[in-house]
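The structure under discussion appears below in the form of structure tokens.
Labels for the chains are A, B, C and D, by order of writing; each one numbers its residues from 1.
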Amino acid sequence: MSATTAFLIATLARQLAGARRVAVGALSPMPGSAAFLARAQGLGPRQITVLGSRSNNDFTEGGRELFDRAAQGRIDAFFLGGAQIDGAANVNLVAIGDHDRPRARFPGSFGSSYLYFLIPRIILFREEHTPRTLVDKVDFISAPGTSPANVYRPGGPTALVTGRCVFAFDRTKGRFLLESVHPWSSIEEVRDETGFAFDVPQDVPVTPSPDDATLALIAGPVREQIAETYPAFAAGL
Amino acid sequence: MNILTIDEAVARIESGMTIALPPEYCGVAMAATRELLRQGTGRLHLLAVPQSGLQADLLIGAGRVATVEAAAITLGEQGPAPRFTAAVRAGTITMVDATCPAIHAALQASEKGLPFLPLRGILGSDVLARRPDWRVVDNPFGNDDPIVLLPAIRPDVALFHCEMADSQGNLWIGRRRELATMAHASAMTIATVETLHEGDFFADETLAAGVLPAAYVDAIVHSPRGAWPLAMPGFYERDAAEIAGYAAAAASAEGFVAWLAAHLARDEAA
Amino acid sequence: MNILTIDEAVARIESGMTIALPPEYCGVAMAATRELLRQGTGRLHLLAVPQSGLQADLLIGAGRVATVEAAAITLGEQGPAPRFTAAVRAGTITMVDATCPAIHAALQASEKGLPFLPLRGILGSDVLARRPDWRVVDNPFGNDDPIVLLPAIRPDVALFHCEMADSQGNLWIGRRRELATMAHASAMTIATVETLHEGDFFADETLAAGVLPAAYVDAIVHSPRGAWPLAMPGFYERDAAEIAGYAAAAASAEGFVAWLAAHLARDEAA
Amino acid sequence: MSATTAFLIATLARQLAGARRVAVGALSPMPGSAAFLARAQGLGPRQITVLGSRSNNDFTEGGRELFDRAAQGRIDAFFLGGAQIDGAANVNLVAIGDHDRPRARFPGSFGSSYLYFLIPRIILFREEHTPRTLVDKVDFISAPGTSPANVYRPGGPTALVTGRCVFAFDRTKGRFLLESVHPWSSIEEVRDETGFAFDVPQDVPVTPSPDDATLALIAGPVREQIAETYPAFAAGL
């Protein structure tokens, strides 16, 4: 098992503290693992819904139920990735370059354009932390980080977890604030590798490493639970 | 019961039609898709409900697709959909980007015979900016409260694979209710089924709860393993090796052609 | 599982609340209604989804209802609902007339977290003329095409009786999906059930198709014969004699009081 | 069995000729019987949905499915009653007199305000044919008989069957036309007992009486099929 993967799963899991109802979307093996870990740790999640899963999925209204449930205020936290994420927490899941003839094309926006507005705690996650992924301005806005005051928006981003650090998002300022730096990185490195400007407080702690009990949970029940939806990922855990 | 052969059923799909397709975890009619490839049906408008993968990629790679409307096209754990990605980059298909709930809502509008349905979110996104067919209005019940309106989508065909059909032409879809919404919203529904069930699902209220009534179903094909190489939950798993092989081969146009020929030949031999 | 006693569960319903109630063929929580009558909860706003009968008439007759919103209130084959009719004629309740699909749509709006949903029809009716809360707009996708918009209804409580609950707090409602819509749309859901099921409905995909997940359910009461004297399909028929007796007795206010006292006493003795 | 009841059931059944998909609403024992009779006679209906029934009901989406299916164009014919029906085919299912303090109150509009617009063939039925029920102008419009040209309305009334006659409805003129008179009545009686003006063609045939085969169907399979939803009514057949 990669130590980095376990570290990131544990870091993501902490973001779920107090969130009782967590949903995990498509293409999200690490966030899914984090949700199972947080539940095993008693951190908050009691109800975890994994899209595309059968055993961790209590939907009986088909694909629309995730979105209806989010709109009803019945989902507390959700993870979102991005091919690009910018300093205003705008997320791009679609393309790099011109939309009609892009240099790179990704799967698509999935439900991000909607869920980003409706779920109170959206945790952004992108392992690759480089000026290529964390950009000043995304090429395509799948979902905007903030909205004008008159737009109905009970939800939005609260944090961005990367392979180098954890940012908190300040919705009022529309900016990220460096919250902690992973043990193998530094404030300077984070600054160099981030394409957008962000705030840095006086004290920036080191992101805590998972203890042995946490690692055992990841290698045990978490791995087992995520295998249904992400067998290849689970095999590597 | 309208039990047809797969070629009879698929022949009802005409070039230029809009076809609603389910997501990969939900019963994809892959055997019917191979037949569609054989029949040469083209200029298709694919509506992914709300995402697709191998099915869309095969049709795109074979040059049968004019337009894709989807929230996402991906092979999931087997990576990006290679022919989709290549076609978008080359500009050989029209890509209409959507977001999952917008596709569900536009089908529900059609299900309800409505011209549109509103949807929260989306405002300020480029998904919205690139959809001239979507409108933003001020919520008539609010005060300076913009909201998006989505026009109804009425597909020509809903095409999917599900668990079983009974002798009355009813389908059992269980809790895969997006299949019901697709059928309600579409002008025609073609389903392939894993198994046939003697009798009438409505004779048993436990089964009835998971039924899509025959009233919505135009053609049924008995097609065991009809979702292969995708999964049919409860029957067989996703054939990850087959799909990984596809992902590697279809990285190039030539590799795609060779893989598809071999895949179709293997299917005919089976 | 949140298994409560009937008095604990019903105590969650407070005076002045809006309660969503199912139609008579769909699982009416009559035992809970008797408990509601005992607890003295008043000033209720009844939302019939989309019609009601004996249940609404008992609450109206007992003076516990401020407002009724419904497409119809009737005892069916046993005739008009006598206390409803008397109360409307006397002007002692506020009657908000609706039409069935408008109530379904307004609940679906709430289910989708939307401020409104459009609906065809209704134009030129006095149902519309008497609903200042409904709006007519010009369909933004049409041309001189008026259409009605209905504001979402978010009940405080959905109250119904259904077949069974499992040990995880999931309910099995079968194909009575209006019960699911009611629960999705409401702030709180209280259900009485005919039977308890050991285990988890989701362990069996056949059962799962008819489930309302525990995520929507706040209180469950084990209440065998909980719909009596109304029907619980598959368990017992409508007690037509009891209801006919009610219809006759409740023709007068005094007759109603006497019948209700005897009915409650019989229920307590049982 | 009442001969009149059988006569009316047979008369209503003829209105379903060629209608493949028929739905029957609440409080409709005679229309329900007519649908079963028409099917037994091979007149058209293959699919009959009876609201509130379990065995003659293929809905799996709950109560909204009738309305959604009607809007999808999947229902060809439907019956509608009325406490009052007027000469413009307006239907009143709500109240007589002032709405807020009515002289008489009825159950309510049910789905009429919607279905009248969407189902192509709406057959009005009211057995009591008097100036009290067939009025010049209804006190409350649950559903209007016609609509302005710009209103979306694929559906509407085609006929009105009463205890004395059958009227056809002319949607262009917005008026009823006398189509046939029942054997026990006459054009004069119909005129006297109708509160609204209507057109009378030169030849007005007598409504045909049911033959023995039809009566046998009503007393046999039809009675059996309607009993599930209307046991008291079936017992009287």
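In this section, a contact is a pair of C-beta atoms (placed from the backbone, for glycine too) under 8 Å apart; a residue touches a chain by one contact, two chains touch by 3 or more.
Remember, predicted model here, so these are calculated numbers, not experimental data.
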item	value
Interchain contact steps from chain A to chain D (minimum; 1 if touching)	2
Higher-contact pair (C-beta pairs counted), B-D versus C-D	C-D
Centre distance in Å when chain A and chain C are each reduced to the mean of their C-alpha atoms	41
Geometric centre distance via CA averages, chain D-chain C, whole Å	28
Length of the line joining the C-alpha centres of chain B and chain C, rounded to whole Å	37
Junction residues of chain C, two or more chains touched	105, 112-114, 119-120, 145, 147, 175, 180, 205, 208-211, 233
For chain D, residues that touch 2 or more chains besides their own	54, 59-61, 67, 71, 118
Residues of chain B touching chain C in the complex	105, 112-120, 135, 137, 139-142, 145, 147, 149, 151, 173-175, 205-211, 233-234
Complex contact set, residues of chain C against chain D	23-26, 49-51, 70-74, 76-77, 80-81, 84-85, 88-91, 97-102, 104-105, 108, 119-130, 144-147, 175-181, 233, 240
Chain C partner contacts - residues on chain D that touch it in the complex	26-27, 51-52, 54, 59-64, 66-67, 71, 93-95, 99-118, 140-144, 147-148, 150-152, 230-233
Touch list for chain B against partner chain D, complex	110-114, 170, 180, 184, 202, 205, 208-216
Chain B-facing residues of chain D, complex	21, 47, 54-55, 58-61, 67-74, 118
